[in-house]
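Structures follow.
Next, two complexes with subunit A in common: one pairs it with subunit B, the other with subunit C.
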Partner chain A sequence: MLSTKQKIGWTVISIAVLVYALFPVLSILMTSFKSSSDLNSGKFIPTKFVTSNYEQIFVGEAKDLFLPALWNSIGISLISTFVAVVLATLCAYAIARLDFPGKKIVLTTALMVSMFPVVSIVTPLFNLWRQVGLYDTWLGLIIPYLSLTLPISIWTLAAFFQQIPWDLDRAAQVDGATTWQAFRKVIVPLTLPGVFTTAIIAFFIAWNDFVYGIGLTSTAAARPVPAALAFFTGASQFEAPAGAISAAAIIVTIPVVLLVLAFQRQIVSGLTQGAVKG
Partner chain B sequence: MSTTVNSSAPAAAPEKTRTRRHLSDRARAERKLGWLLAGPAFVIMLLVTLYPIVQALWDSLFSFRLTAPGDKEFVFLGNYATALSDIVFWRDLGVTLLITVVTVVVELVLGLALALVMHSAIKATRGLLRTAILVPYGIITVVSAFAWFYAFDITTGYVNNWLSWLPMIGPDFNWFASAGPSLFVIMASEIWKTTPFISLLLLSGLAQVPGELTEAARVDGASAWQRLSKVVLPNMKAAIMVAVVFRALDAFRIFDNVFIMTKGQYGTETLSLLAYRTSIGRLEIGLGSAISVILFICVMLIALVAIKVFKVDLTGGSGKGK
Partner chain C sequence: MAAITMEHLVKKYDDGFPAVNDISIDVADGEFLILVGPSGCGKSTLLRMVVGLEDITSGDLSINGVRVNDKQPRDRNLSMVFQNYALYPHLSVYENIAFPLRLSKGQFSEEEIDRKVREAADTLDLNEHLERKPANLSGGQRQRVAMGRAIVRDADAFLFDEPLSNLDAKLRGQMRTEIAQLQRRMGITSLYVTHDQTEAMTLGDRVAVLKRGQLQQIASPRELYEQPVNLFVAGFIGAPSMNFIPARVNGSVFHTPIGDIEIPERVQGKLTNAPEIVLLGLRPERFEDAKFVDETKIPHGTVFDSGFTHTEWLGNQQYGYIHYQQDAAVQHKLNELAQELDADGMPAQVVVSLDASSRIRGGSTAKIWLDSRKMHVFNPETGENLTRDAEAGAELTREANEERKNEIERARRRDSARADQAGTAGTSPAGGAEHDGGAGSSAAR
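Right after this comes the complex of A and B.
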């Protein structure tokens, strides 16, 4: 049992960590509820909570800027995550389970790709995409996003798969299960948590992209939210866009917070396994 | 694959040959399947990175502006000479290195503190703390940049009011008008957003330090600080090095925070921004490509130094020791 002193100590430490982790989010949340006349109040908490900024991005002037960007972000991130996870699952299975020369090369390549400066990729792609018509399209972002999502997926999944007791499926077959049953009842439940966790991490990374977003798009046709935020303007020419940007920032933060709340344990194990144990 | 048949035992030979060939076929099939499964991911990774860097290398040898595409001219290393003789390049490299060193050092200390808190936290709070710490990790960097920017900005901010007791800070103090204060806020945002990742890496390093070691040190009368500096840290050196290298490479490529807060003005520009501004901003593809290639070489140099000089095993990781 903890002594009272220890309890107080842990409470203080926990509060300090919570403030550290959540304060900037709280700060932008407060800004998102400020009316335009309240933005320059110099205070943390709005004098009056208003939802006008949210109205502006969902039904108001900033609607045409924000809604397509939100749709682009969701679509492009989900597709590139899906493609990366499918390819990485096959790749990681081979690395964990099969004996073939070049395993180390695949893993080293993934590591090097993840260190690659995105800006060095975006310049040549900018030029090429304009020539082949991929500039400002979904596909034109999905392809380079794979350079972000694929390496981390391979590392994380390879680490997960190396810990799976694969022989269980043979045991199940000895016990009379068919190959399909062994796969469905044994292998899928064993691998699914790792695949799912990897998908969350890859999604975070795709969702976070900014350089490809501003470098390879020019209109609402493909521009994702982080890039669109940089182009927000106020309701009128003389009005600061801080309120609308804050509201949009909160909207794109909600999915992240929900995923973290629901899968905190899995995300932590995925991150640390992929990066440290390899 | 050749098979040797044991002629002295003719009866057993066919059987044996079959199993041997079966095995080698099996091994060959496994190799084939291995590359079949790993191949697509491998090829795509190469295509999306190797192709662009080769293209950038090629483009960097030409004087080439998109605004005047007809004037493409081979200048060999001329763009590199232009880039490297420009004082702006060296200033930007300096800013990039400053950001890298400061953020990595601060994050290491802060990340270690967070890792120690999570490591020794009681079960009830551990989940809560991990959830809280994952929020900055998951948040979009651009969102973090705006959050810090609006907090410090002279019109929308409240920080000046909160810090008005400091001698240098009044309501008119503009954080985003000179390099020092701007870089301070930029680095604060970068540190806030990326410390969770480093602390999670360190946490798993901490978990691998044998509990008996610290217990033995405690029995021998070592203080908490001695246990940390003499027992725990030396035993998680590998995890620390991996975390430092990953973060240093990441910090060296910093773009989002600077772009949102200052667009690189007031002497806050980093190498990534310079490359972006030159190629996509000013459409000077040749010069921009040269800067991109230099940036790429810098990143590879850092990785190489880490692996060769400091013997950081990024592929083996800390889990399997040094």
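Right after this comes the complex of A and C.
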């Protein structure tokens, strides 16, 4: 048990961390409710709560910029997450369970790819994509996103697979399962928490990307939200678009929060409890 | 129902280490065979080779005469109970047991599956737990679920990989009895790996003793106990284990550090090829406090004085410990043996079993009697048992075989009698159990 002193200490630290993490979000939330004249007031809380910023991005002049971008972001991120998780599950299972030549190479390559700086690739990719016709398309973004999401998914999932007792595969095989059946009926259900965790991480990576988003798109056909935000303009050239940008930022945070809340139940630890003794 | 034949099975790992080295065993249909040995002797590897989880480097494995070396585990139709149970944690007990049935798609209807699962659950007393998850079960219950998963389908043989080693002592004894009864009732070929010799002795029709991947001896428990082939088997089987005492042959007596022992007639003729110094194998229960020995029995053995370092009184019996000066000539061999047996070392002491009411205590000197008729003499260099009587041993195993057949026969008769009775009167389970006992005792008479 914690002593009273320790409790107080932990509470203080927790509050400090929470304020540090949440204050910017709160600040953006407040800004999103300010009218354009209120932006430079220097006050934290808007003098008057207005929803004009939200109107602007959903039904107003920024609508054509924001809504397609939102749709692009959701679509591209979901697809690249899904593909990454499916491929990574198979790959990680092989890495965790099978002994094949080149296993180390797969892992180190994955690690190297994920460490490669994005900025250095985006220009060559821009030229290449224009020539093969992938520039400004969904696929043109999904492929580079996979290069970001796959490595980390493989590494995370391999760690999860290694936690599952080998004897479960073996028991399933003795019980009459093929390798595929053992994988699908025993291993995958047990790895679900890991799969969901990986999916969330992969989704964040794709969702938050800016460099590829701005470098490989030019129109609303494929431009994701982070890139689109940069194109917001004020009502006149003397007006800062901070309000609209804040409103859009709040909107794009919502799917992420929903995703975590939805999958939180799946990410339960100790699902393998009771499988084996000791 | 199946006979399993292993012919010169070898398992070599990539580094060339032979975990299993040229093992040939025939397991008869319906036989309960135990693989036993200290850790690292290759017994689990051998079991996994049989079930198909380990590749066979060379040799032939056949089930019912069909070579199965290259068959996948699922095609061998064997069922296995794992040491750690390996239950599927995301499935309920019911679904765990039904798992093998559901995998054989189309073979069983939903009703059949339900009937079989409930039958297995009945046998194993799992009815109340069918909807629970493995995580909420006790160790013994998990063990039962693992067994249920094995018996629910009509496998050709059961394989057990140290199934009881994770249970506490009391539960282990209980499950041991249950496994024995289950196997007898179903009459199904079983291979059972253990390092616990109580399990080996009580469960097995035959026991195979392994050392470093090599088969030492395969025989009925009684033959192993009374006619071991070498030092290793003699030292491994029995608790407390056999005493090994160095001895020099001196005319008609063995000259040993604890006293002179007369060489029994049976032994005399077999010492022609014996080296100068031999090891005597004397089981603790061959000793007795001389005060408690019948006058008529005394001439069958030797009486000598011994100083006891301490005694242990266990209620039903008593053990006395006698220290002696170890002979340097055999020290090395005994240390090697201790290592093979997973022991820390072989102290220079003799453990003797005394009558529980004996007043011998630590520090005292007393007369003890040794029944030397059943002593064994080992060659310390080769470890070979010079006094082994192969025929007598074979006779013991033959007897055990016969007893097993009769026992299975009785169990079947009892089962069918119970089925008849249940059919006519619809007796309660309790009534069935009573009847069970009655039929068993009358058949035994």
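By definition in this document, the second predicted complex is superposed on the first by the 230 of 278 C-alpha atoms of A that agree within 3 Å, B and C clash if a C-alpha of one lies under 4 Å from a C-alpha of the other, contacts with A are read in each partner's own complex, and residues count from 1 in each chain.
What we mean here is this: contacts are C-beta pairs under 8 Å (C-beta built on N, C-alpha and C of every residue); 3 or more make two chains touch, one makes a residue touch a chain.
Keep in mind the model is a prediction, meaning the values are calculated, not measured.
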TODO: Using the touch definition from the top, say if A:Gln163 reaches subunit B (first), subunit C (second), both or neither.
DONE: neither
Task: Partner chain(s) touched by A:Val17 [first = subunit B, second = subunit C, both, neither] - done: first
Open item on the list: Which partner chains sit in contact with A:Asp175 here, subunit B, subunit C, both or neither? Use first/second/both/neither.
Closed with: second
Task: subunit B versus subunit C as contact partner of A:Gln264, first or second or both or neither - done: first
Open item on the list: With both complexes superposed on chain A, which partner does A:Ser37 reach: first (subunit B), second (subunit C), both or neither?
Closed with: neither
TODO: With the two complexes superposed on chain A, say which partner A:Thr47 touches: subunit B (first), subunit C (second), both, or neither.
DONE: neither
Task: More subunit A residues in contact [subunit B versus subunit C] - done: B
TODO: Show which residues of subunit A both subunit B and subunit C reach, each in its own complex.
DONE: 271-273, 275-278
- [ ] Show which residues of subunit C lie in contact with subunit A when the two form their complex.
- [x] 51-53, 72-74, 78-80, 82-90, 99-100, 103-104, 133-137, 139, 142, 149, 153, 166
TODO: Report the residues of subunit B in contact with subunit A in the complex, numbered from low to high.
DONE: 27, 30-38, 40-42, 44-46, 48-49, 51-53, 55-56, 59, 66, 114, 117, 121-122, 125, 127-144, 146-148, 150-151, 153, 155-158, 160-162, 171, 189, 192, 196-197, 200-201, 203-205, 239, 242, 246, 249, 252-253, 255-256, 259-260, 272, 275-276, 279-280, 285, 288-289, 292-293, 295-296, 299-300, 303, 314-320
- [ ] Using the touch rule from the top, collect the residues of subunit A that touch subunit B in their complex.
- [x] 2, 10, 13-14, 17-18, 20-22, 24-25, 27-28, 31, 39-44, 87-88, 90-91, 93-95, 98-113, 115-128, 143-144, 146-147, 150-151, 154, 204, 207-208, 210-211, 214-215, 225-226, 229-230, 240, 242, 245-246, 249, 252-253, 256-257, 259-261, 264-265, 267-268, 271-273, 275-278
- [ ] Write out the stretch or stretches of subunit A touching subunit C in their complex.
- [x] 165, 167-168, 170-178, 181, 185-186, 189-190, 270-278
